[in-house]
């Protein structure tokens, strides 16, 4: 386990847990929707549709639960091009992180866009989700977004 | 209730380094705590309250802060607390404690060895654990989303960002505790590749190991100090919504509000130490705080030159105080941030007699 | 002179081994919504939020206050996150109280939680750290030798721990929020339960729970407008000492004794057993009741066990300890300390329901953590100090 | 598909640890079959293993002291559930062992006797790994075993409980 490197004892330490998160009713509805290839948001008191949904109105603190389907297409509100993906990134080729406001939504969600090159990216561009073959009910059921 | 006047009477920090392999946290902290206390003219048992800031996830083990107490010499037992936050918030807790009148002096310290893990990945765990963290966006990618939102909203350019980096690194050249102390010019920096566009390496902070300690005092305890007291005239902190997609990333309303509540009036300060780990964040913070071109921003080099996590915010306060104490100005503003893309911010207004 | 501070609202979740019916925000809000209903306040009334929990690794979210800010109505407000190991629930409440004592805020929401089922608490506590000696059997393996040392020192009868567990488990049956309830609990059932870390038996051990606790703390002016009678904070204290040092008394740590002494001085307590009506103290393993009785000055050194054996600590005794059923019955680690503080407040407000100590006027809330090295305590009273 | 009530989010983070100056000294001693402690220059107490600081005085401990592999059980616990980190099957006994010449008990597994034969005051000694297997780890001391010596008097170790 320990080895002397450059005169110092060093050792690898791995912190690894398979967290199982209970999601409650609102996120539960969102993730269930993903298994059916639908994206849903929640209606806040001011009428905004928040995507991904939250259980409590960010302005009033009230519990909110009215789910509304949005998208599937949407608009990139900001993006960042990654030339060299990290091991844990969703795609293993160059891609963009993006905030995407789905049609009908009042907030943007974080995901990735598979656009081939940075030159194909632009704020305001339209994108649509590419779905996993067999959705499991988590955010990675959307493999990525792609230019429309 | 009238506020008690609280002064910073001691400050010390380790040099920030890319990887501290020789010393553990306790060995790093001991000389720094000793130096801060010596400046304040206070011995351990005379200090009324001790509070620290750190984060277990940097070290990858639960209760990582517990053993750091060994550096303090907590005997006889001490009144002590810990925040799982940057040390700037530990300083806030200490300031509150002094306001209650239960203590007349406080030792604040913070430590972080970011080099132990893969920091951009570790910071992913700060995100919404249901819909954001499972995608594993790293801290640099998130900052890049913010940077583009800022540039496109304000019409500023990547050149403006590089100019921030150049200025910070030049300032850091005079700071022996800083880590990144040399720089190329703007043109050369702009020719380097993106880490995550629109951010290049110079737009991002270094990964740093380090620690810092600061002593606060009230009333009679202030007189013991070897350092000219620097008074905390106002301090406040605010948080905003978490999800990036509901925030205006090009602005920092929580910084603006904290600044107002702390009494940071535009035009009223000679220098400012802003905890801006990314170049564009310095510009966002300047806007939020109304800092004009006449204010000397980050004369230490700032977090772009040395960014020990959980410490860099506290260092901003200490650096600002040390500069005032050395006569570099009369009034200063110090700022600390926490969370992705400036989610939480603290502003502190300092003044020399 | 500091401003007065009062507890005007208390809420806690139903504690359970796995609260799979709620998300993290949902868990916290179950406690917060109850505290708000008790206090008669809404989000607009809250000036600041102070949150506490034990290690982030239990849920795998780093500095979770950042994510939870929205669900806790903190946007635009100050938010602090406290972490002082097992005592964190208590120290979180104290940090919140200081904000009121200092005259900075009128109403502060404080909340503490743990949702250990999402990860695995035992793993997190026994995680193998390079270059450190392994703790081979979690908290039980750490504390069992100290209990043996106490037994040797005090000469306490060997069934003292069984009697504590019996009393706490009987009390827990009167508390609707309890995680562990054994309706037919008996002395024999506890005595016959397996030894885990000898001398600690299974039924003398705390569970791992999911749960949260919240309180609304208020200034005197705000307390006047509260919906129900407040509990006034008569004093708070925190003390820490190093985990290990030569000659350290881990059975009766000085940090605990000093903490209690400061607390009693602030609250005007000269004889705690006489002056206090009940106490909620942090007893994760049954034997810590007699140990803390001595540490807190309720009994002379070496005689804490007598209080248990004589029934003094029972709900109808002269010094009821853990009327709620205590940590032995519900243990969402980060919240466990705050539940002690909150239960003390419920007692002096007369709102403790079936486990109410009749006529309780002054009560102690106690939490400890680390290797019996971090202490947080408060005394609350029905009367304004 | 039925309603989703939970999600699985595996998290793995990789860290590289360094020992720190004092711990490195101690562990290199282990690799040589030696137990190295450090003495506090202020209170003169000897810490084994050393962490570089006297936690009571808050000063660096710099004077190195080699201590004996013999010591006294001050207190112990019989573990009757499986350990995540030890391959020894339960029940087994873990003890606090005050090494001769040290001022802080050392956590130790006791073997080569019945698990319930361990007592407060029992004299024990370290059993080392075979020379070829000595390494800079705590596991170089495999466990402690009873010594054929009379038990230490309670008064001699009661300050270390």
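The first chain written gets the first letter, and so on, giving A, B, C and D; residue counts start at 1 in each chain.
Here is the rule we use: a residue touches a chain if its C-beta (ideal position, glycine included) is under 8 Å from a C-beta of that chain, and two chains touch if they have at least 3 such contacts.
Computed from a predicted structure; not experimentally measured.
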| item | value |
| --- | --- |
| Chain located farthest away, centre of chain A as origin (C-alpha) | D |
| By number of C-beta contact pairs, the top two chains | B-C |
| Mean-CA-position distance for chain D and chain A (Å) | 46 |
| Whole-Å separation of chain centres (CA-atom averages), chain A against chain B | 30 |
| Distance from the mean Cα position of chain C to that of chain B, given in whole angstrom | 33 |
| Cα-centroid distance, chain A relative to chain C, in whole angstrom | 38 |
| In chain C, residues with contacts to at least two other chains | 20, 23-24, 57, 59-60, 70, 75, 123-124, 127, 129-131, 242-243, 245 |
| Where chain A touches two or more other chains, by residue | 1-2, 8-13, 15, 17, 19-23, 27, 54, 58, 138 |
| Chain D, residues touching no fewer than two other chains | 5-7, 9, 11, 13-20, 23, 27, 54-56 |
| Chain-level touch network, classified as line, ring, star, complete or other | complete |
| Contacting residues of chain B [partner chain D, same complex] | 20-24, 26-27, 30, 33, 44, 57, 59-60, 67, 69-75, 115-118, 121-122, 125, 129-130, 133-134 |
| Partner chain C, residues of chain A touching it in the complex | 1-2, 9, 11-13, 15, 17, 19-24, 26-27, 54-56, 58, 60-61, 63 |
| Residues on chain C engaged by chain B in the complex (per definition of touch) | 1-3, 23-24, 54-70, 74-85, 91, 94-95, 98-99, 101-104, 124-125, 127, 129, 237-243, 245, 253-255, 258-259, 262, 370-371, 373-374 |
| Complex contact set, residues of chain A against chain D | 1-2, 4, 8-23, 28-29, 31-32, 34-36, 135, 137-138 |
| List of chain A residues in touch with chain B within their complex | 6, 8, 10, 13, 15, 19, 21, 23, 27, 30, 50-52, 54, 58, 77-83, 86, 88-90, 97-99, 101, 107-112, 118, 123, 138-140 |
